[in-house]
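Here subunit A shows up in two complexes: once beside subunit B, once beside subunit C.
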Partner chain A sequence: MSARTQRVKHRVRLLQLLAAADRAALAPISIDKLHAFAYLADILSPVWNLRPFEDRIGRTGRAPYYPDLQRELDFMVAMGLVLPSDISYVRKEGQPAVLTAHFALPNDSATVKSIRSACGNDAELAAQQTYLNALADALASLPDDDISAAATHDLVYEKSSNESQDFIDLASLSSRTSRAVASFDKAFPGTKLTPARRLVMYAHYLGHRVHA
Partner chain B sequence: MQLLSVEVNGTAIAVSSDEIVYRTELGNAANASAFVDFLTVVKYLTFFNEERRDILWDDQAQRQFFRILFSTPTEALQWIELEQEISRADSRARNHSASAFQFEGDLRKLEALLVNNAGVTARLQAEQSLLDADMHRRNSLQSSSADQEMDLQALRRDLERTKLVEADARRGVEEIRFSKLDELFPKWNDTARYIYTQLFSDGRCLACEQHTDRALQLEKLLADDLCVVCGSDLKASPVPHIHNEKRVERDLKAALAAMEAATVQKIALHEAEATAEQAWRATLTELATVTTSINQRLRDTSALRKQLPPDPADIAQLRVNIEQLRKSQRQEEEKRQSAEAVYEQLLVSVNSRIETATGRVATIFQDLIKRFLEESCTLSYTTVRDRPSQGGRQFLYPSLRFEMSAAAFEGQQVRATPDDVSESQRQFIDLAFRMALMEAGSQDGAISLVIETPEASLDAIFMGRAAAMFREFAKGERSVVVTSNLTSSVMIPALMGNYTDDAGELEKRQTRVLNLLKVAAPNAAVMHHRDQYLEFLDQGIRGQKS
Partner chain C sequence: MLDSDEFGAKLLQDPSFVAGAAEGLAASNVDEDPILSFFDRVRYTTLKSLDKAAAAGAGAVGGAPAILVLSERPQADAKAIDVNAHRLVDIDLKDPADWQGKLVICASHATAGWWIELPEGSVDQALELLNAHGLGHSPLAIVYPAARALSCFQDGGMSDEPPIKLDLPLNSRQVTLNDIFEVLEDVRKNSLLTPMIGPPKFWNDGPAYVPGEEAERQIQWIAAAQLRSNFRPLIVDTEQVTPVGRIDIVMTNTAGTGAAQQYPAIIELKALKSKTHAANKVPDSTNVKAILKGIRQAKAYRETKGANLGVMASFDMRATKTDILNEELCKLAVAKYITDERIAVYNFYVYGDTAHAQDEAAAA
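Entry: the complex of A and B
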């Protein structure tokens, strides 16, 4: 896949994430929540029989963060496809500066509407949008502050003491499937749930882990 | 069950746990060659029960009874032993022959392989060399791919780390720029500030994504506190000035340097990852090709191995085995032939006596059966060919053929199978044959015959005729025991003889009756109708009214 195609895919992904967030009343969505949403969408995609969008993500010790995705989000703001709000930079002593901002799709953008309409006509993108909508609904049931924390406490993302790698290979079939399903089975042993119900249950499970 | 004591004509016979002495003594007392012959006679001649098998229409059965009854015990024993010896030798000879035949087939195949596949060994060696090389190459590729995958993982890890470092550095630049823009343009909205903050973070226009000098010029305008839109000197404007400007400049330069370094490293790692992944995938492709080749070569070498010419030593050993088997076969055949020669002499010696005895049997039979059947019946002497083994010589054995007149034909017809007569005829013809055999074979005339419900298949007329046949036979030292149900008004009276009311005669007849109505455990019918049964029996014992 060419770099240009990869960038276009990132932008479509961002539009879908923001549309799902908007539909679930999560928009404007903060950077942390947006990246947490993107991460959980990747790691839980086998539950919906989909492939993860990203092939890997680095473990930061903080909430999940996709630098490439963020860079494309910056460009989309410049293109007028995404509206930023509440921008500020926070720096704690001895730590790098952190951008805090919220993002949403503009309500009156004909371009955005046109792109979303085109995405709706593509079966694969439509399936992904359905999945992202269901996941956003599940995450919306968590308290506002728990969403990014939930991704941080995901069993795969959370770095265990004996974990040698500091990035997650999402493209690895065994890792993405077995780990996600193992997370479910570990959380809900012996249950038979619909995919949407699994997402809700897992979101709540992560919420409990945040406060555990 | 255990045998406690045995007497023969008042003389006690020793009883042991294995019954060997008892069997020997009983066989001797019966003038039988072996205990099994004695049992055969008792089972098939003395007892005539409902589960019997026909012996008149069975040549082998006839032969056995002729052997037991009309040869001396020594001859009868020798007869059996010779037949067993012939059969064993024949069986062994045929087994050796079958094995030799199998080996000869194998030998022919091996000899054909030897001729037709002379070049296979060289081809197999060449193919095996190629296979070994492929295996070696596969091992090497597997090791390489594992190393390459580890390197690739390390590169990916470093790349992800560097991306995060670059993102942090970019945020550092943006933070400084954002603060400056916030102070210079407090009225800008979030989108404008966001765009200008990030406008040049990597020297590229955020709007059109191009690397241009204009972008660098805008960066300089901002650094010089000139308006990025109109170029006016913002120092002269009433807007607040930036605090610690020199420090901010220094920090910005440092942050830009850090970001640039991270970006350079990221690009380098990106390229290294792409190169490493390409090399790894090339290794995997070659590995798949080599594995396919190995599988094909394994199939080829396996096929070649099946075509390999045999080891000459194996062929030589096979020939030796065949020769030994054929030799053993010949030895067994010679043993069989020797036994057959002795057997033939024995048959010549015994058959003349058997033929004489069968004449007596035929005479006795005819005398008995005419009391039962209306048809004219005879037993005619003949000889049948048969052999005591599967593959050995045939011999002539004496046999009696049953012939009987029929309404539809002139003279008598041979009735070769029991199906050629009616069921009741079949029963009494075979019974008469047994009675004739016993009478002809008995040396002192003492015979016992036990018959189970002979009236079962007979009508009233033939019950009387059957009873007459039994009464004729039960004379002198001979005795007949008959079990009969109280279902007929004919059989019991006919067996008893002429009707009588004489008390002495009736008492005498009672001594010959085992009355099961008295000695057996009564069933429900007997308990309810005992008197009627007894009356019926009493009438029967009085005999047949003429």
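Entry: the complex of A and C
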């Protein structure tokens, strides 16, 4: 895939993530929440029978972060396709100050509307949007302050003591996350567990892990 | 690395896995209808908020109602009404004072949205305002915290259709046959009794006793929602599939050990009719057969699930209310299947004509 195509795909993915966040009243969404959403969308994609958007993500010891996605987000802000708000510097102890902001799709952009309309006419993108909408709903049912921390406590992202890999292979279909979601059937036999319901259940499990 | 079985077993022993997933189970539903799903979410979030206030010793909640409107683009819709609309999150975790008296343009999960004050505290003015901004037919729920009640308008505030009425009860109940009976009786009296209070399109022609096409599904949805509220935190699921058939309502206690504790009750629902939705006559033999089938199903499902209680509840939409449970065949079925004190059969009268409901009330 050419670098240009890759960039376009990242931008479309961002539009879809932000559209789902808007629909779930998560927008304007903070940087950490947006990356957490993008990560959980990748690791949970088998629940919806979809492939993850990214192949891998680095384990940095901090919250999930996709540098390529962030770069395209910055470009989209410059292009007027994404609206930033609450721009500020945050300085955590022992770390350099970082620029942070919240992001949303503009309500009145004809360009964004036409791109989203085109996406809606593509079966694959439409399926992805349905999935992202369901996941945004699931995450929004968590306490707002727990959403980004939930991704950090994902069973795959959280590094166990015997793991040395500093990246995660997101395309692995037998991830601990997938197996945990499959285990709901054993925990609640006979209960009707739709894919959307499994997302809410996994999100709330992560919510409990945040406070464990 | 743990293999799949070991990993799964370890997870199932992790209390946070079961508790977290159970919380997610309660916070989600499997309604295929996004509007009914939204109403159930409003019921869940506002009841949780009211429970939180009660647990904090807030006493009776008074004050203004709130309107929660379903929107695909909550921010855009709210800002079109008022550019100064504010974001509201975690409605379920907030004190009711944080959402009372507000018009909230909500996301489908009903825990977050964008709000403005109810204009002059008036529900009517808020509905006019929504209409003026093209949202007059958006599904909405009006929450009355003081009355602990919810009115759900599927076609929006400008529709002439009656709302679906739900309760937000103060206390949760223990699961007994009598409590199940009382909740279903409340469903009958408060949500179904006459066309005036019944859900929209519950009757195609009430006075002629022609039921609506979706009447059974509406009874099931309202009963399930009311059971969820009255027996919280139990999970109340509909249409659960078992090897011997599809159970209308299963109540699950996710903290229960052993089948009888895990499944406190199953409920089989039937609607008795004198006419089909297309106004064709339904012979009473068909209704008797429905009762016989329902009793057999209630017993079979209770045994299959290992549930503690089994209930067969029929909602009687017939024009002429005979004592159908005293029909000879029904009595034989009761003798055959109602063999212990953990199973019961109830029939609830529902009227297509308000005068007939008045007759019942006057005769009481």
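The rule is simple: the second predicted complex is superposed on the first by the 190 of 212 C-alpha atoms of A that agree within 3 Å, B and C clash if a C-alpha of one lies under 4 Å from a C-alpha of the other, contacts with A are read in each partner's own complex, and residues count from 1 in each chain.
Basically, contacts are C-beta pairs under 8 Å (C-beta built on N, C-alpha and C of every residue); 3 or more make two chains touch, one makes a residue touch a chain.
Note that this is a predicted model, so its numbers are computed, not measured.
A.B. asks: Does subunit B (first) or subunit C (second) touch A:D166, or do both, or does neither?
C.D. replies: In the superposition, A:D166 touches subunit B alone.
A.B. asks: Which holds for A:Y65: it touches subunit B only (first), subunit C only (second), both, or neither?
C.D. replies: In the superposition, A:Y65 contacts subunit B only.
A.B. asks: Does the superposition put A:T130 against subunit B (first), subunit C (second), both, or neither?
C.D. replies: A:T130: touches no partner chain.
A.B. asks: Just checking: does A:I57 make contact with subunit B only, subunit C only, both, or neither of them? Give me first, second, both or neither.
C.D. replies: After superposing on A, A:I57 lies in contact with subunit B but is clear of subunit C.
A.B. asks: Figure out whether A:S109 sits in contact with subunit B (first) or subunit C (second), or with both, or with neither.
C.D. replies: A:S109 sits against neither subunit B nor subunit C.
A.B. asks: Contact-wise, after the overlay, does A:A27 reach subunit B, subunit C, both or neither (first, second, both, neither)?
C.D. replies: Touch partner of A:A27: subunit C, not subunit B.
A.B. asks: If you tally the residues of subunit A touched by each partner, is the higher count for subunit B or for subunit C?
C.D. replies: More residues of subunit A are touched by C.
A.B. asks: Regarding the shared-chain residue A:R197, is it in contact with subunit B (first), subunit C (second), both, or neither?
C.D. replies: second
A.B. asks: Within their complex, state which residues of subunit C touch subunit A.
C.D. replies: On the subunit C side, the touching residues are 4, 7-8, 11-12, 16-25, 27-30, 72-76, 79, 87, 89-90, 93, 106-109, 111-114, 235, 237-242, 250, 252, 254, 305.
A.B. asks: Using the touch rule from the top, collect the residues of subunit A that touch subunit B in their complex.
C.D. replies: The contact residues of subunit A facing subunit B are 56-58, 60, 65, 67-68, 70, 74-75, 77-80, 83-87, 89, 91, 96-99, 101, 165-167, 169.
A.B. asks: Which part of subunit A faces subunit C closely enough to touch in the complex?
C.D. replies: 22-27, 104, 107, 137-138, 140-141, 143-144, 174, 176, 179-180, 182-184, 186-188, 190-192, 194, 196-197, 200-209, 212
A.B. asks: Where on subunit B is subunit A touching in the complex?
C.D. replies: Those in contact with subunit A are residues 153, 156-157, 160-161, 163-164, 166-169, 171-172, 174-175, 178-179, 190-191, 193-195, 197-198, 206-207, 209.
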